[in-house]
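Read from first to last, the chains carry the letters A, B, C and D; within each, the first residue is number 1.
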Amino acid sequence: MPGNSFGQSFRFTTWGESHGSAIGCVIDGVPPRIPLSEADIQPYLDRRRPGQSRYTTQRQESDTVRLLSGVFEGETTGTPIALHIENQDQRSKDYGDIKDKFRPGHADYTYWQKYGIRDYRGGGRSSARETAMRVAAGAVARRVIAHLLGSEQVAIRGALVQMGTDSVDRLRWDWAEVDRNAFFGPDAAMAEVWAARLDEARKNGSSLGAVVEVVAQGLPAGLGEPVYDKLDADLAKAMMSINAVKGVEIGEGFAAAALSGEENADEMRMEGDEVTFLSNRAGGVLGGLSTGQDLVVRFAVKPTSSILSPRRTVDRFGQETEIVTKGRHDPCVGIRAVPVGEAMMALVLADHLLRHRGQVG
Amino acid sequence: MPGNSFGQSFRFTTWGESHGSAIGCVIDGVPPRIPLSEADIQPYLDRRRPGQSRYTTQRQESDTVRLLSGVFEGETTGTPIALHIENQDQRSKDYGDIKDKFRPGHADYTYWQKYGIRDYRGGGRSSARETAMRVAAGAVARRVIAHLLGSEQVAIRGALVQMGTDSVDRLRWDWAEVDRNAFFGPDAAMAEVWAARLDEARKNGSSLGAVVEVVAQGLPAGLGEPVYDKLDADLAKAMMSINAVKGVEIGEGFAAAALSGEENADEMRMEGDEVTFLSNRAGGVLGGLSTGQDLVVRFAVKPTSSILSPRRTVDRFGQETEIVTKGRHDPCVGIRAVPVGEAMMALVLADHLLRHRGQVG
Amino acid sequence: MPGNSFGQSFRFTTWGESHGSAIGCVIDGVPPRIPLSEADIQPYLDRRRPGQSRYTTQRQESDTVRLLSGVFEGETTGTPIALHIENQDQRSKDYGDIKDKFRPGHADYTYWQKYGIRDYRGGGRSSARETAMRVAAGAVARRVIAHLLGSEQVAIRGALVQMGTDSVDRLRWDWAEVDRNAFFGPDAAMAEVWAARLDEARKNGSSLGAVVEVVAQGLPAGLGEPVYDKLDADLAKAMMSINAVKGVEIGEGFAAAALSGEENADEMRMEGDEVTFLSNRAGGVLGGLSTGQDLVVRFAVKPTSSILSPRRTVDRFGQETEIVTKGRHDPCVGIRAVPVGEAMMALVLADHLLRHRGQVG
Amino acid sequence: MPGNSFGQSFRFTTWGESHGSAIGCVIDGVPPRIPLSEADIQPYLDRRRPGQSRYTTQRQESDTVRLLSGVFEGETTGTPIALHIENQDQRSKDYGDIKDKFRPGHADYTYWQKYGIRDYRGGGRSSARETAMRVAAGAVARRVIAHLLGSEQVAIRGALVQMGTDSVDRLRWDWAEVDRNAFFGPDAAMAEVWAARLDEARKNGSSLGAVVEVVAQGLPAGLGEPVYDKLDADLAKAMMSINAVKGVEIGEGFAAAALSGEENADEMRMEGDEVTFLSNRAGGVLGGLSTGQDLVVRFAVKPTSSILSPRRTVDRFGQETEIVTKGRHDPCVGIRAVPVGEAMMALVLADHLLRHRGQVG
């Protein structure tokens, strides 16, 4: 099957290019009789929206979502939900230089190699603009999860935990802080450090990488489909499919390689009638199935490839050249990846909740 | 769809439990007229086979593969290929203690929570024994890749790059060394260090984690299916689905978060008529499509959860208890994950080669 | 997976309700560099459009298609193609009576039973309005087929072969006639008979059933994917999924049951270097694969369920009642099923051409 | 995806050739904790088994099924179920003549055209032998249906309703009679007619076609997934995928084309608290969803293509020739299609029950 769909039971398909007239998605498999309106979706888009601080691209998009089908009198009907966002700020003139030159670190060269044709306006389909529809679909997924598990049960939250070489201090972690700074950072002190670092990078026309952590709390145990659609396998795919992501880990992740078996084991006790774990090295997944603990995923985002220093490259006629990527760009795309990561988490969970119910009841 | 299949165009489905009578797989979508016999598959199984050194489980399995369909007079016919391995050493008595107790770090608890029933003999379906069929299917995938790209074109090789806290020195990297030591290590000096460390862990009944690197050389540019079945997204899923894997990264991976945009850009030049890159921070993937450079994937394997130190746990009747996991286990499961990682790489590539050909020709 | 998508390699997903603001579809998997514009699609929609004669519903829809993505500078880019049609004539007041009553022969009762909620405006998702998007997607499929096989190579044509109890005389079959009468009938004399019969039915507030035949000429041999996605199996599904269809047959179809093995065998001879068949009882499919002969499919369409005679029914409160279905309806939905059947044929063929190329080259 | 799998949530994949060492299947998605053993499957295979009367092929196969995975201590575990049947009577010498010649009406020519290679022993993969695994998987599907709906709730039964030109008298229909004659005929008097006709055909080396009807009773309303995976669409595909089937219809089927809207409407009344229908022209499906009435499907089976009269054909070297198909064949393959049709019905229903539960609960 072609690659623009995600999920098995809760399945969405996105379409649209960075500088086309619109972008959209279709979500199929949503259970019926769930209250849903545009107002449930828009706040998540607003959170991801560009142009909200000097640290994100200055492209101006209201990202106003329209819900075109699948809802009747305020409730889902079980039929496909189409979502639609008009593109407003399509200043393609900024992109003239990339018509023929391949920007290093971008998908220009590989799309050209694959398809032999490329919508070069702003990256076309490979643009991070596509992630707006992930966020929109993710908002619908959140409604499905709330419907299935109870509206107060599950919290899905993301935060920036590293920018460049600077990581948050977990002792200062405060979820409330995440919405107070421009970085979705949970550590107020670190947010100030990042502000300074990113201002500097921005002035230099440079860019910084980042690490994002997404946590889901309140899940039941047993979600995931062995042995290939394990919960962690699907999360790895979901996060790695986000633009600029180069690594994904669960729980201790790469650090687990340096632990002994004794250190890594999450021991179990009873707390009344409930099983409880004494630690969560596993990040909430064992054998590809959720344990019921916090589900903890981190992913690494490379520094934005659009920078102002000239880079050596070639063009599609096989000529060597240089390029400077002007235009409007995020100096750290990792920031806006936070709501996207949350959305992908929600989308994976909604899918696995429905898959689990199908087989196990 | 249920979770025991992988791939879209080259699609395989595995079945079987650790201590059932047999394990097997069905591969569908293999192109016709490719020479194939059991002799093309067995060497890869031999490489993964347990009991070959004191560093892997002492379970004795010849892992002799039988090819039951889809091949006629030495060539594939385009119909499904069924592979079959009898289980020989099914000493279930070793596993009596885990009938009721949940082993920390294992899938016992989560399978029980999901299905309400569990084949407790040696982990049942969640056992790493399942990975034998991945290796078998991977051998078929290698034949498909050779058929499509030319038999000498693509090399898919894996190596252990870290055990516990000890990493290889990349200046001493020697692919030939990988087959000379018991660890699939590319650095002979480090292999000696690992031997000492693992002997110690083994004697203490402990275990070590590891990091595996898999590299594919000789690929064309343009493989991958945006925007959800990107090549790196599918690789992330493939590797994360391997037992005990907790993290996956491509190219610079998590280290990319600490680089500047300038450092991270892989500049391009012409070398005669060919585009060449001056570096490979990207690990051979841009925008989810192969660049034609080396495709570099790493994954982290947690330390074996089966250890001899007693761990606190609970049983399925809700009673608190302790457990010591006797039986035959790999003190570092990361070692045998090397051929499994290679197989998953081959399986992803065969699938994407066929998918690409379907759409683009 | 949910049910609003069709096809594996050429995959489309439709959305939208009869009286929502719009309907649309997303097509994924289209090969790149195929010339495509709205002008390639609109003529097929015009052919299906309601209100063109007194024999079809008087609903007024221009059915103007907009192509929103996946095409750049007049050529497909290999990314998803979104198509969009605004609904114009949404006179929902006509449908007030069906809010609570279940119309016999319609999907009212079953949607209510399945989902517990129903968009009752004009049938909502179950309306034949959805078939407009099949026709639009089918037009894209035709372009793909032309691209793969040569633009003059394949002809996909449909015709009405029976209305009520009156069937065409095959000796008078004239493809050119199909576009001359209001019924897509290939037999001019029969078209006059039908006109009289349907006028009568229309005046009585009654309706008639029909049989449609769709033929694809110029196909290569070998299309189809044994043993479950055989070409005829996928065609059967495609046609049966059209609203009001109750039967599908290939070649001789049900009549084959009454033939002897000798009569039914399509003997083969050589014509120069080409294999030729002396008959086509099989309808162009053997063993689920195309033979290269004409591919011949017929399907039966039941009489429109919306009639003016009162019928006994119940409402959603469990009360017995009667219903008369006013509103604007086709007295013979089989007529407009002709372009829809052609579209489904094109969609199946485009999909199988790409699937075949993926595996076999 | 390749074509040897069927179903979405209850998904099975078959493998194996007519004259290979074995045939088998893997079923994925079966709910856990359903009692299941080989004894639940074998009776259905026995019913389909060849060589039980002079009216079916004399090939001797015990068709003894082995259950290799997915069941522990007598209950399903939710993991894949592998089924396996050894081929015993592989007299390939009978098939020497078809090595190079294409048998009219068989898949010889089309497989050759598709794959460029063919396992010519007894039809290889295109042989009706593959249907044994459909029957085995269908037996598992029946257990799933019984588990989900209650073991006495649903009856899935098939019968031969026409052989050659002779149809049963529905007034004499007796389900108990189906197991008393060699034809699965529900009309004892007609069974005698068929016996005479088929003896004659057999003596002449000829063959007869047939029509099979399969009925499922006791279903809930609302099964099916609009708008492409409608229940009737999936049934059409399922039945058309059976070897030699050329037509499928639901309820009135093709006869519906000749009815008026008034005649075709199934009116509704209340019977206590239950909705009841006054007729079942629809065959238990409206809008692609089950109505709760009897689900009635019929399919036409062409006469066996293996006949003793010489037929003109060509060989794979492009030479004209003649062929007489010796060997062991069913003079009317429609007979043994009855248990296969029942199995396909069960497989579609199990799949749709799980799909429905996933989305709607």
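Please note the rule applied: a residue touches a chain if its C-beta (ideal position, glycine included) is under 8 Å from a C-beta of that chain, and two chains touch if they have at least 3 such contacts.
Predicted model only: the values in this text are computed from it and were never measured.
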Indicate whether more than half of the residue numbers at the chain A-chain B interface occur in both copies; give same if so and different if not.
same
Of all other chains, the one whose Cα centre sits farthest from chain C:
B
Approximately how many whole Å separate the CA-defined centres of chain A and chain D?
46
Taking the mean of the CA coordinates per chain, how far is chain A from chain B in Å?
26
As a quick test, compute the distance in whole Å between the mean CA positions of chain B and chain D.
39
Can you list every residue of chain D that touches 2 or more other chains, as numbers and ranges?
1-5, 8-9, 14, 29, 32, 78-79, 114-116, 125, 226, 359-360
Which residues of chain B touch chain D in the complex?
1-5, 8-9, 11, 13-17, 20-24, 26, 28-29, 32-33, 68-70, 72, 75-82, 114-119, 124-125
The chain B residues in contact with chain C across the complex are 1, 9, 29-32, 78-79, 226, 354-355, 357-361
Residues of chain B that touch chain A when the two form their complex:
1-6, 8, 14, 102, 104-107, 109-111, 113-116, 125-126, 130, 162-165, 201, 206-211, 220-230, 232-241, 243, 245-270, 273, 275, 278, 281-283, 286-292, 300-307, 309, 311-314, 318-320, 334, 356, 359-360
